[in-house]
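The two complexes that follow have chain A in common; it is paired with chain B in the first and with chain C in the second.
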Partner chain A sequence: MVQSVKRKQGWHLLQCLGKVFSWRASLSWVLEGLGGEANLKPENVEIHIIDDNFFLKWNSSSESVRNVTFSADYQILGTDNWKKLPGCQNTTSTNCNFSSVELKNVFEKIELRIRAEEGNNTSIWYEVEPFVPFLEAQIGPPDVHLEAEDKAIILSISPPGTEDSIMWATDRLNFRYSVVIWKNSSSLEERTETVFPEDKIYKLSPEITYCLKVKAELPLQSRVGYYSPVYCINTTERHNVPSPENIQINADNQVFVLKWDYPYENTTFRAQWLRAFFKKIPGKHSGKWKQILNCENVTTTRCVFPRNAFPSGIYYVRVQASNGNGTSFWSEEKKFYIEMKTVIFPPVISLKSITDDSLHVSVGASEESENTSVNQLYPLIYEVIFWENTSNAERKVLEKRTEFTFLDLKPLTVYCVKARALIENDRRNKSSSFSDTVCEKTKPGDTSKTWLKAGICTALFSIPVVIYVVRLFLRCVNYVFFPSSKPPSSVDEYFSDQPLKNLLLSTSEEQTERCFIIENASIITEIEETNEIDEVHKKYNSQTSQDSGNYSNEDENSGSKISEEFLQQDSV
Partner chain B sequence: MTYRCLLQMVLLLCFSTTALSMNYSLLRFQQRRSVVVCQKLLRQLPSTPQHCLEVRMDFQVPEEMKQAQQFRKEDAVLVIYEMLQQIFSILTRDFSSTGWSETIIEDLLVELQGQMDHLEPIQKEIMQKKNFTMGDMTVLHLKKYYFNLGQYLKSMEYNSCAWTVVRVQMLMNFSFLKSLTGYLHD
Partner chain C sequence: MGLFITGILSLDCNLLNVRLRRVTWQNLRLLRRMNNSFPIECLQESKAFELPQEILSHSQPLKRNIKEAFYKMSRQAFHIFTQDTFKPTWEETHLSQVQVGLDHQLREAPLSAGEETLRSSSPPAGNLELRRYFNRIDRFLKDKKRSPCAWEIVRMEIRRCFYFFQKLTALLRRR
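Right after this comes the complex of A and B.
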């Protein structure tokens, strides 16, 4: 059963193959009829670019060796202008070098096509996937020149490609070089370093053969090149004048202090500086090193030079020693940063007590910083140190705001604050010096309640006082501007006995006052008598007048009253 | 007492976290300052002769530079770095025919290199995250443009006319750089 199935399958397979072959035969016959040899088509076409060298490689589909040539065209993607690819015209081999193509630039996409030819027959075009030469290119080996010292090797590396290279024209200065170095005697000992085009490899031993190889990289494009061939060189014998070591540079107020180590006395030194960007430029910069003026022919292992001799930037410094025996090689180059422009002035703090448990802090810029407008250049953040005056426990807070409050404090306590400004997120942790310390006392406790009570009491107390004062004032006003028409009380008393009418009407009558002159008793009686007589007369008069008729009036009545009084008095 | 400490601790934590996330604001400040300094330095260079500017050159200025475009901050960093690199590269060439002050050119180079130094760690970080394969078309367009500038200088044998034209181009580049710094936000 199985065998029969297998036989059937085999038969089907043979049938299929037969059909295919016959199809192929017929196709080739058809094409032959058309005049083309389809099986001459190039296959697996590949492009290899190393620096400015362009290679095209392919396989020929033809098995037998025939008189077949290949030709290629190229064009810039988008245009419709196929041009002949130089170096790849009518070639019998399966590769060609078209480096002589004059591309306007290597950053545009290029299309390639290639076909096979035999006599008058041409195959169809094989079109290569469009590509950007710059992205396809591989980094070739750099050119290396070596020079030996006793403990170092000087490298002079030229970038890959020629100086007129089109491929690396935009990246010549961006290459970084990776060096692998080992002692020729033992291939195990290897050291890898990344160097600039003009650089040195230090910490080597004298009189030893070192071998190295270099490759170029474009680290920011993650591209690595091919290694150069291996170069070997012998380091020289130990120099009788050693080089200074352990160079250090410290900033101190307005000066820089350059220090180094040297084992021997009686030596003069000189120091040189170089702006760091020269390191990126290939080519010798020996002429670009400049002498540090205060560090020429110094006999101590330190020298001091002013800060403003160097505008801000990045520098390299090297030191050389010389004595009677000769001059040493240059020391290791030390890189150092000068950031003169970022002088941060200390802030100005003001402290205010608002309530009994909080203090308000105001951070301001000092006058000097206003002029330099550092705040506009860098975002500042403030490191605030805060403590109770009596205790030493300090609290450190980082604040970005310039107005903030410390809460939960004790009332009637003195707190002190000082702050310094920092550049936000600065790797170098650059900061200003601390501001002056400012202290302030918090307000007394429950001040609000006290004020409330005091206020209420004051209000209560003040109301009657106010009323009294107002009344007094009004009275004064009334007295001055609106005098009352009431006569004084003494006058008033007198005039209550005699009404006003009598005064007016009795002008004809004599008004007599009652006067008492006390001398002695006898006289009194006499006077009284005379008065009495008068009164009697008056009485009679009044009576008669009364009797006479309507002549009586109040005056008479009063007079009668008076006389009655007298009579009464006499009787007493 | 503990509550008070707690409050201060919380405040400190808050500010430290915000400080860490604001990585780009320092960069923006530095960039802006640097661009302003560079523009000032460039303007100090004499712009003569004027007739050189009359010739219209097509350096194939990238479209991104001509028209305002939105950039993500990572792309902005890459573009800025590329431009700084290329301007640096051009200024290292032979300008002796112009009579320009070497000090000014050196100051420009120092400024450019300083800024590249600041950008490098962020650049590396971005490249590592993106697993960047240089597929970014903007950078390619920029390379083409700067290549054209370089070739032009070379073809004119670095004469002062060519440098005058290039100087104008660089002023335009710095204006674009200034606008790019606006994208360096958080």
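Right after this comes the complex of A and C.
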């Protein structure tokens, strides 16, 4: 009894288990999408994003259409907050449009999940690989507006997406547009051009239907968009007033000369300019074209305007003609690079020899180039050519500095230098003409140095000799001019009346007086009191004695020595 | 005796070539001069835009990344200051000077980065960081309906951005 019950229980258990397993098997079978009774899981789920439009597409794993609905959720990767995806709730079709999701940030990774529902049964979530909407987005077709002239079509292209586009908010100005244009009659003659958002297609024929389509690209991301629909437009008939052609701009000292061609006389012209970057900005900027002041209502096919009207940059220039019959269309817009038209003046070099084996070079700007914008904005580098005057071997150096030195040169040799100025890193390789050639000789070398040293040594040695000779000479002089003996005071008086006469030179009474008087202060005062004749002399002498006391005393001493000798000689 | 010339300069393009640096400093000055001082009432509206300094943390090729980042940054700054829906309280002349200056900077930057490198690179992670940063600025302007205060704050932010790049490249140049 018990055994049968047990067996029954076991059997029930087995049945139970069997059912569970079979149910699970069938469920998993279903889940693997091999068809069946239960809910279907969506498969091959794909995301399509075009501009700000978000689409979700998938396949249903069952062939037959059943009462199956699909719902999707989304969340920002990392958060744990699944939100319902708008536009994709309980949908019976196998695609949905969730553009109304207001993604704050298209640069963040988003997670999506979708499941199928039928009645009360729901499948498991199919989770889509997380993605960054910006990187998945495709560039949609741009919006194009056309206007026809006789030989050109004016294009007005709006970037893909709306003005408030979230997807392209940071890229609106980065789009490049590519136009394919052909004549409606023969699609074989196609032309492809890259255009700005506001641009013109030239070189067309009047009264012909042209068709075109435009696509936008983001070249830096290697992304290409879809083509716009085809637009066709007729060019107008030939205008009775033709547009000026062949615009040229040349620089000439401090002015620019604008020239163009025109077949007829009696026409007035006006010219306008625009900063080139405005063409990159979508939207009508016809108001941004400005009149060139010296080129309004001119009757010749040229006009001249000052250089400083256009600080450096890139510009477009266009010219329009008008006569009695009307006003022409604007000419082709000519691009005008200020930098290419600037003139770089040759530098001014000075060369100096410092030592016997080096030359110092100084490069300066010429006076004319002092104030030009070239110097201020564009740092100049110098191509310096350097050679020995006698040889032809030239050495070329590129120098950024304005003061530099050439080393290891030969002494007493003439070297020559010339240089020209370049704009650093300039792709157009613009350079000035060469400066004047400047030559300089290096200083004398080592052999001369030794001569110099020898000279110095001899000079040093000869100094004592010289001093001795000078002293000898001075002794002679002193002997001649200033006798050494000091006669007694009575003799002084005697001699003051009869001035001592030297054999060599007759001294003036004045000098003799000076000797005596200065020697003794007391004598001075005595003589001053007594001698009338000598008053003038005394005064003079006393003054001189005060002025040049030292000198006189010394002279007196040496003079006295000499006179002593003389007296001795005399006595002998 | 051979000739030995000192100071032979190689024309290797520096991280930001001299011209680009000069133009960027000029633009910084122009941006500063647009308004004499930052209006105090706008201080409370200021927002941290979190300039992505992680650009520093990227390893090789660091120089190329910096050059590309500088180009992209110049482009975004240019976009900000050339929007049509522009109604700031700045003077027309100042604004147009800034526009011209930024355009110049934009024209110089690819020459420094090398256009080939710009085109061939697939966007690395650093690229998205910069985009997110400028997206924050753009959204800030839209949310504040492009009020004068919003523009002032954005001007300050762009100055900060340029300054950061100039200093960064100066630092790398010295290495």
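Just so it is clear, the second predicted complex is superposed on the first by the 319 of 572 C-alpha atoms of A that agree within 3 Å, B and C clash if a C-alpha of one lies under 4 Å from a C-alpha of the other, contacts with A are read in each partner's own complex, and residues count from 1 in each chain.
Note that in this section contacts are C-beta pairs under 8 Å (C-beta built on N, C-alpha and C of every residue); 3 or more make two chains touch, one makes a residue touch a chain.
These numbers come from a predicted model, not from an experiment.
Contact with chain C, but none with chain B, is seen for A:405 once the two complexes are overlaid on the shared chain.
When the shared chain is aligned, no partner comes close enough to touch A:213: not chain B, not chain C.
Once chain A of one complex is fitted onto chain A of the other, the partner contacts of A:48 are absent, as it touches neither chain B nor chain C.
Of the two partner chains, chain B and chain C are each touched by A:313.
In the superposition on chain A, contact of A:170 is made with both chain B and chain C. The intersection of chain A residues touching chain B with those touching chain C, taken from the two complexes, comprises 105-108, 132, 134-135, 169-170, 172-174, 219-222, 275-277, 281, 311-314, 377-379, 381, 395, 397-400, 407-408, 424-425. Chain B contributes residues 3-4, 7-8, 11-12, 15-16, 18-20, 22-23, 25-26, 29-30, 33, 81, 85-86, 88-89, 92, 106-107, 109-110, 112-114, 117, 123-124, 127, 132-135, 140-141, 143-144, 146-148, 150-151 to its touches with chain A in the complex. By the touch criterion stated above, chain C contacts chain A in their complex at residues 1-9, 11, 13, 17-19, 22-23, 75-76, 78-79, 82, 84, 99-100, 103-104, 106-107, 111, 118-119, 122-123, 128, 131-132, 134-135, 138-139, 142. Those residues of chain A whose C-beta lies close enough to touch chain B in the complex are 105-108, 132, 134-135, 166, 169-170, 172-174, 219-223, 275-277, 280-281, 311-314, 377-379, 381, 395-400, 407-408, 423-426.
Across the complex, chain C is touched by residues 104-108, 132, 134-135, 164, 169-170, 172-174, 219-222, 275-277, 281, 283, 311-314, 357, 377-379, 381, 386, 395, 397-401, 404-410, 424-425, 427 of chain A.
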